[in-house]
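Beneath this line is the structure, given in structure tokens, with notes to follow.
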Amino acid sequence: MSLLPKIKRKNDAPEFGFGNVTNNSGFRILNTDGSANIIRKGEPKFNLINIYHSLVSMNWWRFNLLIIVFYSVLNLFFASLYYIFTPEGIRGMEYTNEFERFMEIFYFSAQSLTTVGYGRLYPSGHLCSALASIEALIGLMGFALATGLLYGRFSRPTAKLLYSKNIIVSPYSHPRFLEKADRALMFRITNERTNQLIEVEAQILFSYNEDLNGKLVRRFQILNLETSKISFLAMTWTIVHPIDENSPLRNLTYEELSKIDTEFMVSIKAIDDTYVQQVYNRSSYKWNDVVFDAKFESTLFTDASGKTGIDLTKLSNYIQINQ
Amino acid sequence: MSLLPKIKRKNDAPEFGFGNVTNNSGFRILNTDGSANIIRKGEPKFNLINIYHSLVSMNWWRFNLLIIVFYSVLNLFFASLYYIFTPEGIRGMEYTNEFERFMEIFYFSAQSLTTVGYGRLYPSGHLCSALASIEALIGLMGFALATGLLYGRFSRPTAKLLYSKNIIVSPYSHPRFLEKADRALMFRITNERTNQLIEVEAQILFSYNEDLNGKLVRRFQILNLETSKISFLAMTWTIVHPIDENSPLRNLTYEELSKIDTEFMVSIKAIDDTYVQQVYNRSSYKWNDVVFDAKFESTLFTDASGKTGIDLTKLSNYIQINQ
Amino acid sequence: MSLLPKIKRKNDAPEFGFGNVTNNSGFRILNTDGSANIIRKGEPKFNLINIYHSLVSMNWWRFNLLIIVFYSVLNLFFASLYYIFTPEGIRGMEYTNEFERFMEIFYFSAQSLTTVGYGRLYPSGHLCSALASIEALIGLMGFALATGLLYGRFSRPTAKLLYSKNIIVSPYSHPRFLEKADRALMFRITNERTNQLIEVEAQILFSYNEDLNGKLVRRFQILNLETSKISFLAMTWTIVHPIDENSPLRNLTYEELSKIDTEFMVSIKAIDDTYVQQVYNRSSYKWNDVVFDAKFESTLFTDASGKTGIDLTKLSNYIQINQ
Amino acid sequence: MSLLPKIKRKNDAPEFGFGNVTNNSGFRILNTDGSANIIRKGEPKFNLINIYHSLVSMNWWRFNLLIIVFYSVLNLFFASLYYIFTPEGIRGMEYTNEFERFMEIFYFSAQSLTTVGYGRLYPSGHLCSALASIEALIGLMGFALATGLLYGRFSRPTAKLLYSKNIIVSPYSHPRFLEKADRALMFRITNERTNQLIEVEAQILFSYNEDLNGKLVRRFQILNLETSKISFLAMTWTIVHPIDENSPLRNLTYEELSKIDTEFMVSIKAIDDTYVQQVYNRSSYKWNDVVFDAKFESTLFTDASGKTGIDLTKLSNYIQINQ
């Protein structure tokens, strides 16, 4: 039994690449970070693109730690090779015991890997010289790699958007929708960063279970928006779906949203002014993120000089309305 | 009280992400460099994207100075570490007093950081060798970073457009608008650089205060343009809004523009032929930048051989017209 | 004699850049990796873009091997120069025979090329010092090149799509096509990688020979799709051409597809979420890849916790249907 | 006096950013390499973007020569500083005369700049050590710059298109234009490189002088094309403007094209499959490049195995037709 009005076919499932997933155990389809909450079996284990992706998207503490660990391990590896195969090849060492001897070899290795090559410690003999040549090559290639990764980390355009914690159903009146809609579904976004987002577009995809002769089928439907594109995200933007007579949410209550395992998948598309590139951002609201009969608080304030500002900390604030 | 004709709803505020900012103390909403003149409270203090952005967009003198300062400070920092913890570790020093000794350590530090490692000065002992290994690593990573930043500085497409200082209201006649418009609002742009801008698009957003039952509300409206896209910005381009009967500027005088705190926000979009990338440029004219009854001077000239040229220095020149 | 219904002119040959190729000996026009199977005569022999392209697209084993080979050959080249022209210029060598002497020169060369310059071996005299200066410059430029190539390899967006091995003709019923189509041509794709593909678009181009008064002419025609764009390729996507009354495949059998040397060229366009860039992918199905009266197996499974997953290994699986 | 039919206003001058240039002395407006043939006065003298542009677009011989010159000059500059201010600071020198002394200093400078630092030559004393530190920093920054430039040179997408030398007027018959056009203006292009160009679009802009009451005014008009977009440039593409009754070329002869100083500006837009980026290419045909009553030769051939190929050397070949 479907609680929903007849869906126009053009808004139906196939357009979203989720096929007819039935997710009736209540899992999200889209995680709040915008990734798909779906298991993939049979994927190739080793995948350089994935490795690159995690190296450019991990946080800076982990990245720097990784560089240090990698450098130490590589040093240790070469030091062990010298120690095992050609300890006599390294000249100029000063040591009094075996540990100090290994450490001298380790420092020689570091001086080769970084190509600093002071020369107090130096290689002699075929094996040691050859190993040192290879180590210097690997060192240089490693730093070439690090250069690429550092640039990749900086130059990758990512929109850091802040979303209001909830998606709310508010009383609503708008000249264009006056007779048709008296309530609207809305959430708010703002740019977490100072860089400018322009040509910002939003889409809300309403996803729910439909009972088709006892079998649950997952449905997807785009919700009409009051405004789906703004040219400049300088402040906050409230994305509004007017619940008019054509809205699939027309008569739905909180209980019904829960019953059909509602999920609102939102996607934002914009141009980042720093990198001058298209950026994409997705998130999702589950039925228990919906608040009925509420109104967002204004984030605007005016400072002493009369200049307008916005307070990002108030983005999720709403006021409950007694009807 | 509104001086303006009824605004078509589709051109109303929501599309521009400025919400209903009321800026009645006369501040610009958009700075002439295209950034938003709005205070942001609650932003994260530390933001790598912002740091990257300032590093790639600061001028070259400051960038080079920063590199030198950074190099010196890092050198000094490591020199201090050696001096404090392991001054005996550095061998081969030549000095007669404590200052010279510190300077020798400083130069050893520089030779490690740049990985030049001549070898007259060299590390000995655990602590000193370990510190030197770390310094060489940090040096290499620092130069990897500098490589990325240098590339980022060069490869970032930015349109350097020159705008005429004023936006003027001229007598106007155009076959397409003949019966409807006898005046037009116009400004001129040209490319400051020799690189070619193609597929250039312009938009003028007219922003003003409307008195809504005693409360000032900020309104935004796109102005129709005679031509909103050109395929090649080889010369100058005069962007023209014909003040026809549908124009919100129909009967506005300079005094009225001032009274409603008018601001014209202009945005230009183009493809940069050197980087083959989309570039965006914004600026703004305030009511006191408007000149009535004027006409732009031609920037064209023909040289001795009959070849056509433009004179960029004449871009803002206009001639007052006695009506 | 043409087996096909009259082709609408707007879908005819010129739009695809293949002109009127007649490929009646049964070669593919488009290889399965998306490149054109066409000989090009008169191309410039040496082409840097092609070299760059192969360097960034070859697999990692070959790339690393190439780096090692290049490094060895360059070392050997400079070692030979020193050995021939200025063997006395290199000081600090330790050797007992001519081979060891050459190897010492080789290691000196390696130490110069990598700029490690320990200093046990060092140049003396004009020619040797000058050669060493040039070698160090070439070494640095080589590593600059390697840095660029490594970054190019990582940052090049490529969609690795998996295509079903066959393109099948299935029984079909869809509300939108109910009365018109009872069969459909379909193939399936999925993303081989974990990165996300968004705004995915598909096109099938049907190519065949037409007998025009005894002369075979190659024809090209776009097939209408049930859905030609999805917003998110999270699972698999079955691209479906309903064989309705307007379809050029209306009454074609396997034998007829073979006779007119059919080829289905498919092209996929998407946005890669890791690089935030447009990616393009093409492939092709020849008439002998077509399977009639079959149905794709579902790739969906549900794990113990009720979470949905897809099994990539089942992508090409189909079930034959007895009609 | 105008020889041309009335121009539809929507195709008129403003869209092309050339304003009302009158170029009656017969100069091209657009050079064949796609740059504008227009003098720019008042441009800033020094412009980093222009310098970057020439560094990434100059040919490889010049680029490599520039690197060598730059390296030599920088070496010489530092060598002179050491020689003048602190010749005693460099230790380990071996020389018998003043020239050899300077050369030893020069090699020390090279060893510092490349950070190879063998150590036979080493700095001693404040000034020399400080200078050497600065030189090593500058060396590293220089190679950082070179890395960026090398990457910039490789990663800059450029379409190398071959254009037929002439633009020809051929007899023409096409089902879509049958009754309206019996001649067509056409030129041919092909990709000079092996990389693939997809989604290729063409535009022909017809530019000519109109006599407006004795004053020559430059007019611009887009010509309708039989096909303006192909999805894949695998072979050659003949871009065809059917000279139908709406064509401004309807009754024009070679003499008239000359009289009105005709120029056909062509622009091609495509996606480069190697870099997955939009590329733009422009060229121009002047009236004396037009050939009447000719037909392009086919570039197609079939090899022994029956495989189709194209011969790039035949691109400009045409056959004169006796009417």
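As written, the chains take the letters A, B, C and D, and residue 1 is the first residue of each chain.
Just so we're on the same page, a residue touches a chain if its C-beta (ideal position, glycine included) is under 8 Å from a C-beta of that chain, and two chains touch if they have at least 3 such contacts.
Since this is a predicted model, take the numbers as computed values, not measurements.
Taking the mean Cα position of each chain as its centre, B sits at the greatest distance from subunit C.
Residue-numbered contact pairs of A-C overlap by over half with those of A-B, the repeat interface among A-B, A-D or B-C.
Rotation angle, subunit C onto subunit D, C-alpha superposition: 90 degrees, expressed as a multiple of 5. Two copies of one chain, subunit B and subunit D, form a contact in which under half of the residue numbers belong to both partners. The distance from the centre of subunit B to the centre of subunit D, with each centre set as the mean of the Cα atoms, comes to 27 Å. As a whole-number value, the distance joining the C-alpha centres of subunit A and subunit D reads 39 Å. Looking at subunit A, residues 111, 115-119, 147, 151 sit in touch with two or more other chains.
Taken chain by chain, the contacts link every pair, so each chain touches all the others. Those residues of subunit D that touch subunit C in the shared complex are 60, 67-68, 71, 75, 94, 100, 103-104, 107, 110-111, 114-120, 143, 146-147, 150-151, 154-155, 160, 175-176, 192-196, 198, 200, 226-227, 229-237, 271, 273-276, 300-301, 303, 305-314. Against subunit A, in their complex, subunit D makes its touches with residues 115, 117-119, 147. Subunit D contributes residues 9, 14-19, 21-27, 29, 34-44, 47-50, 52-53, 91, 111-112, 115-119, 121-124, 126, 129-130, 132-133, 136-137, 139-141, 144-145, 147-149, 151-152, 156-157, 203, 205, 267, 277-280 to its touches with subunit B in the complex.
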